[in-house]
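Shown below is the structure under consideration.
In this document, chain identifiers A, B and C correspond to the written order of the chains, with residue numbering beginning at 1 in each.
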Amino acid sequence: MKLDKFWISVVVVLVAGFAFTKLVDNEFYFFATYVVLQGLVMAVAWNILGGFTGYVNFGSAGFFALGAYTMVALNKAFGLPLPVMVLIAGTLSGLLGLGVGYISLRLKGVYFAIATLAIALVLETVVNNSHYLGGAAGTYVIQPKESFIFDNYIELLFMFMLLIAVVATAVSRYLSASRLGMGLAAVRDDEVAAECMGVPTLKLKLISTTTMGIFMGLAGSLFPFFVTFVDPVSAFSLLIAVNSIAMPMIGGTAVWYGPVIGALVLGVVQETATVTISSELNLLIVGVMLVGFITMAPRGIVGLYEDYKAKRKGQNNG
Amino acid sequence: MAEPVLKVTDLTKRFGGFVALDTVNMELNDKERLGLIGPNGSGKTTLINCISGALTNEEGTVNFNGEDITQMKAHKRAHMGISRSFQIPKPFGTMSIIENLLVPMEYAAWDRVDHRNLREQAMDILELVGFKDRADENSASLTQVDMRKLELARALAAKPKLLVSDEAMAGLSGSEVDEILEILFALAERSVAIIMIEHIMRAVMRFSERIIVLDAGKKIADGSPDEVVSNPDVEKAYLGE
Amino acid sequence: MFTPELLLNAVVAGLMLGSFYAAVALGLSITFGQLDIVNIAHPTFVILGSFVAYIINENFGLDPVLIGVLFMPIFYFIGTTLYRVYYASFERTGQESLSGLAFFFGLMFIIEVVLILTFGVDYRLVEADYIGQTLHLGPLDFPYRMLVPAIAACIVTGAVVLYMNKTFMGKAILAVSQDRLALQLMGANPLQVKRIALGIAIATAALAGALLIIIQPVEPSVGRMYIGRIFAIVVLGGMGSISGTFLAAILIGVVESIISTFYGPSWAPAVGFGILLLTLAIRPQGIFGRA
């Protein structure tokens, strides 16, 4: 395989991440970067459906929480090794994604979006009523003592999330650049025309929703060990749902790197605001940035940059 | 005589209580040029939706190349070589003109195209409809007339064995209609059967070897252009009683 | 434990609850059902109405229902302004579907966070003489904190039905999404019609919010529970039919009340969403053809 810039960057990012765990001691940095990476995975996953096929998922928090609570249940029942549990959690929310994909057969546009919101709320009600999962009061999760080759458990979680983020981004990039991506874009632009041009629309939508589900579940799977206390309010947090929409919208939904840019920008702004001002205000920032970008720059940062480039080019030529 | 390319048998399509198509039968041979006409709401578009798979019919069968495709999904029918244009243009709006053509080449015509030079093949089709120099323009900003040309170009890019052209010429100038007719004639030579739905009678009469007339979901005439024109039922359907 | 009396009281409570739900769903029925504007922030405007009622009640002791009515003009103005923004940003450019949805989602979030920043996440309530008292008719109980909102909700729903059917602008609103031709023949300007309609929709939220805080204490994120509920009501009620909305609201209210009486209140929130999912799954796509 040809080594292109993308794969070189992947290696660089992973090596830098690992070096980061060896060189930095202050745990705060790992907490902060972990949150940014978690947002990045959610944003990239959301965009695989929302940006590529145009189906809006309002229920991101439901997928995330399914991943998180699968871990809580597995950990409580069997106490399996972390990677095994993470894979099971990802598989389960992938299956939920598959189910949501079948919903898209009947429900388009707004109805699909509301149905996803409904699914998240139904899941939340189930968890609220499940004694085993801690119900509305929440439950504690104990971090394992040993942290593999890392100094402490947070570094391990950070590195694991970095890996998930890299894989999610690579998958998203592959989907958008391949023949599949062209089919997905055709579905987004006009589903009927796509089908008549030979695009197996249902199959592509199922691939898209399942991939989205898997990565959202993976993002949520590490959450219980990260916070060590999970309750429905934090696992089904509206902030998770809003962030996973806001980050792609701010970065730009049309290309695979849009949500990555959006997640990094918004994530860093949020983490900075949380530290320097207050965590409530950072919620406000997300809302205002989301509304600001969709009303004034609907193609996101990527769109703004492209416009800027086009303008520069126009000036140079003229 | 060879097996017909398309054979529709006793096709009935209902929407709730409304009968849109009532036991319609039709056949189409290889390379044949068929005109499909009828007043508004007579079921023309419903019929081609049932043929292309955008709708499925519960009663009656559709056979293509000797295979029963009644239950087959639209994208599979496209793979088999049924391609259509839409009356109301449905371009892939975020894509450029040439990308619009690459979609059917990468999907519908996957087994029929040479994958080494897709872009050149797409350019050849664009040249046919006069878009040679505009391949990278965004398709959403085209005029209605240009969108119709794109519709046809995209349908051609699927390398069809049966092409359904749903009012591809509405709004085109006289010379543009002639250009499109030339393209369609050339295609029919290359072993493509064509169904043309058109309100421009001059075009239908000139193009079609055979014409089928629908009225209120029923086939009321099926014959050569001259026969159909002199058919009293057809006159009644168009002029009213 | 099941007794006929308990069931009867659950149904009566459900009827009152359902009437109130109608007042909450009314605005969405207009925006979503008639204007094709997916205002998922509607419940948040209702919560805003609750907090307005709370502030005025706390400071001046006014009756919450009266406050709701008094603030309707201000909410009307918010609604018309909202339509101007929505039109300029999305409808005009034809991007209403995805971006419009995300816009209201963001708006919902902003309002909620501003309320949290201002009032915290504590539950707030209003005071009025009748809250806490109950009307007894034979075996039936009518707590006034339910009865008053139910009656007020019936009145506002009736008023909107009358307005839609009897006035020129009301008829224009009914025509604006379904019948462009009729609208043209009436000589109405669709933008003005939609602006007024969104104004009315948000105005009903002022009253609905006041009613909500009479029924139960309110904190900023309560609105989210209402999203599924009122979308279920509007979809069940046949998209934009006000009387259909009312009947659907009653149905959901009664079902929720029975579930919460016999299975516990923590399951009630899933009723709306559950019914919504079922409705969406069972009703054929054709009925929702325009989405």
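Heads up, the rule we're going with is that a contact is a pair of C-beta atoms (placed from the backbone, for glycine too) under 8 Å apart; a residue touches a chain by one contact, two chains touch by 3 or more.
All figures in this text were calculated on a predicted structure; none of them were measured in a lab.
The chain with its CA mean position farthest from that of subunit C is B. When every chain is reduced to the mean of its C-alpha atoms, the one closest to the centre of the whole protein set is A. If you average the Cα atoms of subunit B and of subunit C, the two centres end up 48 Å apart.
Rounded to whole angstrom, the centroid-to-centroid distance between subunit A and subunit C, based on C-alpha atoms, equals 32 Å. Subunit A and subunit B, compared by their mean Cα positions, are separated by 43 Å. Here subunit B touches subunit A in the complex through residues 52-54, 73-75, 78-79, 83-84, 86, 90-95, 99, 102-104, 106-110, 154, 158, going by the rule given at the top. Listed in rising order, the residues of subunit A touching subunit C in the complex are 50, 54, 56, 58, 103, 106-111, 113-115, 117-119, 121-122, 125-126, 128-129, 136, 238, 242, 245-246, 249, 280-281, 283-284, 286-288, 290-291, 294-296, 298. Contact residues of subunit A toward subunit B in the complex are 179, 182-183, 185-186, 188-190, 192-202, 254.
Put simply, subunit C touches subunit A in their complex at residues 32, 38, 40, 85, 89, 95, 97-99, 101-103, 105-107, 109-110, 112-114, 116-117, 221, 224-225, 227-228, 231, 235, 264, 266-267, 269-270, 273-274, 276-277, 280-281, 285, 288, 291.
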